Structures are given as structure tokens and as C-alpha cells.
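Two complexes come next, and they have one chain in common, subunit A, joined by subunit B in the first and subunit C in the second.
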Partner chain A sequence: AAARTHRAPTTAPARARPPASAQNFSPNAAKLKSNDQLMCASTLNGLALILKELSPVGGARPMAALEATSFTLAALDTATGLKFFVVAEPGTQGLDVVLRAAYVLYCDYVLKNPFYELDMPIHCDRFDARLGRLLADVPR
Partner chain B sequence: RRPRLTPGRHRGGRAAVPQRHELAAMRAQPPKGASIVDRPLSKGRQEVSQSAFGYIFSEFIQYSLARSDTANDLETKLEEAGYAVGVRVLELVSFREGKPRRETRRLGALQNVRGPVWKSLFGKQADALEKVVDNDDEYHIIEQDPLVNQYVSVPPALANLNCAAYVAGIIRGVLCSGGFPAQVSAHTDSSPEGGGTRTIFLVKFAPEVIAREQARGLA
Partner chain C sequence: AAHGRGAGGGARARMIYNMYIFNRDGVCLFYREWHRSIRTAESNQEDQKLMFGFLFSLKHLVNKFTPESGAPGFHACHTNKFKLNYYETMSGLRFVINTDPRAADMRECLRHIYSNIFVEFCAKNPLYDRGKPLDNQLFEQSLETYLENHPAFRS
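And now, the complex of A and B:
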């Protein structure tokens, strides 16, 4: 499966912090420059917020998945206001599990890294290595 | 009219002599002046949360980093902190091991570090203990993936920093307080088989240790 992962940390509801890391894990994923990745993540963040307000049923939870003909997008909202996005080939299953595992990896290898400053782009090689291994195991 | 007193009660209500239940309660408490060092030394819980250690260690590195100028400075601070730990670890491990004799040879001291000390700290023995061929006083303790570095990703700007300097300090504390003055430093092994995480602790004994053992004919 082609999976491209964005991370867009944000506080609820209005102010969005810039995305901390966006990586491509497949040769099929669109090659975005870092600026485009920033825009993409901000758009997705705004979209998620709008969808939450738009729900005709009260008490809706935030956006979890977006399915289109050419891709599947899954999102994870954390209790701390962090958002994880993953874009994959259409029909990929188990993306929410992947996102939760990615969240655990973030908590371990980014937050416990003494050289990481909050809200800065993530450049932790242990995190990248583990994430690569996680996404290599995603079922096709 | 004078109020009638019930038998057995003094005027004013409360007895002046401590009652039997009060005496028992006083005996159950530790005597005044007892502190934590009077209690018996327990076996201790065998495990500590690695996450908790990760957070504290991370904060300690950030604290030291803010007060250091160079990577070497930071390593020195970590090593000093480890030394204090090493001195205490040797006492504790020796007590819990229950061995009647202390180590008198440098190889024995190193085996002690590699085995019981490492096991009590990290739950396993150190991966390898080697002697450096060229020098008589240098040894390598090799650890494939030091536990303290589990969550630490060193940025490229500080490429020659290894936070296992803390463990190097612990080793130095164990050796020096055991009577084997030595210098210990942590080096990242950049060879591909190490996977980027292999750490070599270089132990260099002081000349008096070598001279002492040679004089006793133990070279």
C-alpha cells in the first residue's frame, strides 16, 4: 500500500500549529515539497474542523476517514489536540490501527527525545526508522 | 447541689495515666529519631518503568545541555552524574549478591561490572567484554543498544555525542569506589554491524592498578 503520512499538531478549535513532519513512504505517493506539505496539512486540518461543525447529528466526533476514488485518507485526533493523517491507496484497511501505532511511536521516540523541541519539525532518526518499519508492515 | 461523680473517673473527664490501648499504639510506632536508614534494606522492586526513566533522563539531558557549551561539556556532566550513581550501585549490588569477598583483580572487577552490576541496572549482562590487544590497561565493554539511549535521537549537529556517557560514569563509579581507579568513556561504534546504536565503553585503568597487580605477580 502506498501510504503518505502527515502530522499536523493543532489546538482545538481555532489555532493551528504548523505540521511537524510529513513523509512519503511509497514511490507512488505524490512528491510534495515541504511548502506544499504544509499547505496540504493545514487544508486537511481545516477540513476536519469544518466537518465536525457540519454534522447534522449532534455530538459528532472528529473526522476519522475520507474516501475518494483515488485515495483513502484516515485521521486520528488525540486528546492533546494533535492530529495524525495518513493518505493511502483506495481500499487499504486497518489505517486506524496504523495511526494509533504511529501515535505510540510519537509518544516514545519524539516526546522522550531530549533534543526535540515541541512544535518543531520532527527529525528524530529512531522515530523515522520505527515508522518506516511500521508502514512496511501495512497490509496491502 | 454537688454534681455526682461516676466511679473511676477523675474530675475533668480525661484520665491522666495512658490507657492500655494507647500504650500499644505508642509501642507500634518507631521510636523518635528513627529514619529511613534504620529500616532493613529491602530486596527492592525488580523493575522500574522505562518510560519514567526516559522522561527523567531526557529532562536531565536538556537541563545539562542548557548549561553546557560543547558536546564534551555535556558528556562530562552526564558522566559526573553517573559516577555518583555508580558508587552507590556497587554497595547495593555487593550487599544483595552476598559474596563474602570483594574483587581484588582488575579482570574480576570488570566481570563484576559486566555481570551482576549490569544485570541489576539493565536486566541483562553486558554484551561483550574485550581486552584491547595493544595496551595492557585498556578494556572494552560493548553494549549493542544501551537502554538509556532507547528514546534518544542525537541530532546531526551533535554527531559525536553519546548519552551513554551517563553509563560510562556509572562504570567509573563502580570501579573507582571498588579500588580500581580508571577512566571510562563511551564511544558510538560507527561500523555497519552495530546498526548505529552499538556503544563501546573504553575502560582505561590507572597505572597504579597495573603496577599493583604486577607486583603481586598476577599480570
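And now, the complex of A and C:
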């Protein structure tokens, strides 16, 4: 079965923007309508911060990973307040590397695109194509 | 005795920080800490309410992301500094243990705490009052003994 991923980068909580991009890469992914995607992304953002507040030790960053019975979720918070997260089959390794690579793709194909407006939904074919290739190659 | 462990500082791998037990209504039945260096909430009660609220919302979020054919539920989430291990029983009891992020899978440990310690010393105790925090010496002693001897936590 293909690696099942669903991905959505969102901006920092202070601005609370809807996801710039949310895509399903597998037929097994949970089917979420765009309104649900928005809600899930915001909820996840909030919960990631609450987990940081619940930390018994100092220096914690927001939630980086969530392991569930039928999926695993990994998140990346960038220094600029962007958030990437990916939902994959349980036991998938190396998702943090995948997220970093996705961030690089975002910088190259989206941010450097002169026609892209910050915080708007991403509609860049090349970004989608490269992202698709990156996720198809994730080791099981 | 448990509090003095690991006081040497430096690398403290596979350590347990604290533990919560909630019932299905959100009452915190049990809370114990072994190593806790910061406290963001004003009181233990606030902290427990925040934890329960967090678990409640996270459970709903996990349901949203679970594919149609998949089994519901989650067992862990982590940050760079700690890992939250979770076990929920069919009756709605929620067991949470916060550990070092490098700790091994705690599912079996939590299941053992429920089935062999909680059920034996609390549920089967005729004086057990369901809605109230636990006040049971035998339970606490068995729990301490079990955790101190657990291979993952001998520091």
C-alpha cells in the first residue's frame, strides 16, 4: 500500500490563518472536507501548544509527534512561525526528515515564486509535483 | 526514596516525570510526580483540568484523522523534552504517564498498572468510591514498587 499522507502547513497561531495547503496522497487517508481541514489544523495547533504548557520539564517545544493506533502524525514548527504536519501509516519512520524536505520545497517553489502572495492558498503545480514525488519515496 | 534518584544531574535517560489517572467525568483520581522541574499552572488542580481538557480534545482530533477502516485511539504524543503516554480503558478511565522522550513504549506498562494494580487494589476494594480521588495505601505502594522496578526506569 502506498504511504498514506495528508499534509497541511498553517501559519502561526497569532494570525490564525486557514491552511495554505492540505492534500491527501492516498485513498486510505481520512476524508475531510475543507471546513474540517481548517478546524483540524487549528485544533492541532492549539493542542500542540497546550502540550508544551503541560510539560513537567523546562524548554519544551510544541508537539512534534502523535502516535495513534491507525496513524502517526509528525509536525514541524519553523523559526518563522510556519507549521507543517503530515499524517502517515503507523510505524512510518523518518517523518521529521520528510517534513524538513517539504519545508525546503516550500521555500524553493512557493516562497521564491514572485506570484505567490504570503498566507494565501498555494496553487503551484511544480510544488505539488515535487511534493508528490517526495512523499511517494517515503520509506515504509 | 524515589525523589532522590537521579539527583546527580547530567544524562537522565528513560525517566518518569509524573502520572495522572482520570475517570470518565474528568475527576483526577490520582496524581503523583517523581521529577517535575517546572509548573506552568497555578495549582495542581488547574494542571489536572488542563491535562484532562487536552486529552479530551486530542481524542476528538484523533477520531477526525483516523481513516474509516482504522481503529480509533492514540497511545502517545511527544515534544522534544517529554513524552506523554496514554491508556484509556473501556470504562473511560484514563492513565497518563509523562516520561523522558527516549523511553520505550509504555503501553504494556500502563495496561499492567490498570489490570494488575488499579483493578486489584482499587476496583475490587469494597470501600472504593468511584467519583472520588483515590486514597489507597496498597495501591500507591504497589504502583511505586512496580515503577521503581520497571526496567525502563531504573536510573
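The definition used in the following text is that the second predicted complex is superposed on the first by the 125 of 140 C-alpha atoms of A that agree within 3 Å, B and C clash if a C-alpha of one lies under 4 Å from a C-alpha of the other, contacts with A are read in each partner's own complex, and residues count from 1 in each chain.
Criterion: a residue touches a chain if its C-beta (ideal position, glycine included) is under 8 Å from a C-beta of that chain, and two chains touch if they have at least 3 such contacts.
Remember, it's a predicted structure, so these values are computed and weren't measured experimentally.
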| item | value |
| --- | --- |
| Touching partner for A:Ala68 - first (subunit B), second (subunit C), both, neither | second |
| Which superposed partner A:Asp125 touches (first subunit B, second subunit C, both, neither) | first |
| Broader residue contact with subunit A after superposition on the shared chain, subunit B or subunit C | C |
| Partner chain in contact with A:Cys40 - subunit B first, subunit C second, else both or neither | second |
| Which superposed partner A:Lys112 touches (first subunit B, second subunit C, both, neither) | first |
| First, second, both or neither for A:Glu53, with subunit B first and subunit C second | second |
| Residue ranges of subunit C touching subunit A (in the complex, touch as defined) | 17-18, 33, 35-38, 40-41, 47, 50-51, 53-54, 57-58, 60-62, 64-82, 84, 98 |
| Residues on subunit A engaged by subunit B in the complex (per definition of touch) | 108-109, 112-116, 123-127 |
| Residue numbers on subunit B that touch subunit A, as the complex places them | 51, 54-55, 57-59, 61-62, 65, 151-155, 158, 163, 196 |
| Touch list for subunit A against partner subunit C, complex | 4, 6, 28-32, 36, 39-40, 43-44, 46-47, 50-71, 73, 87 |
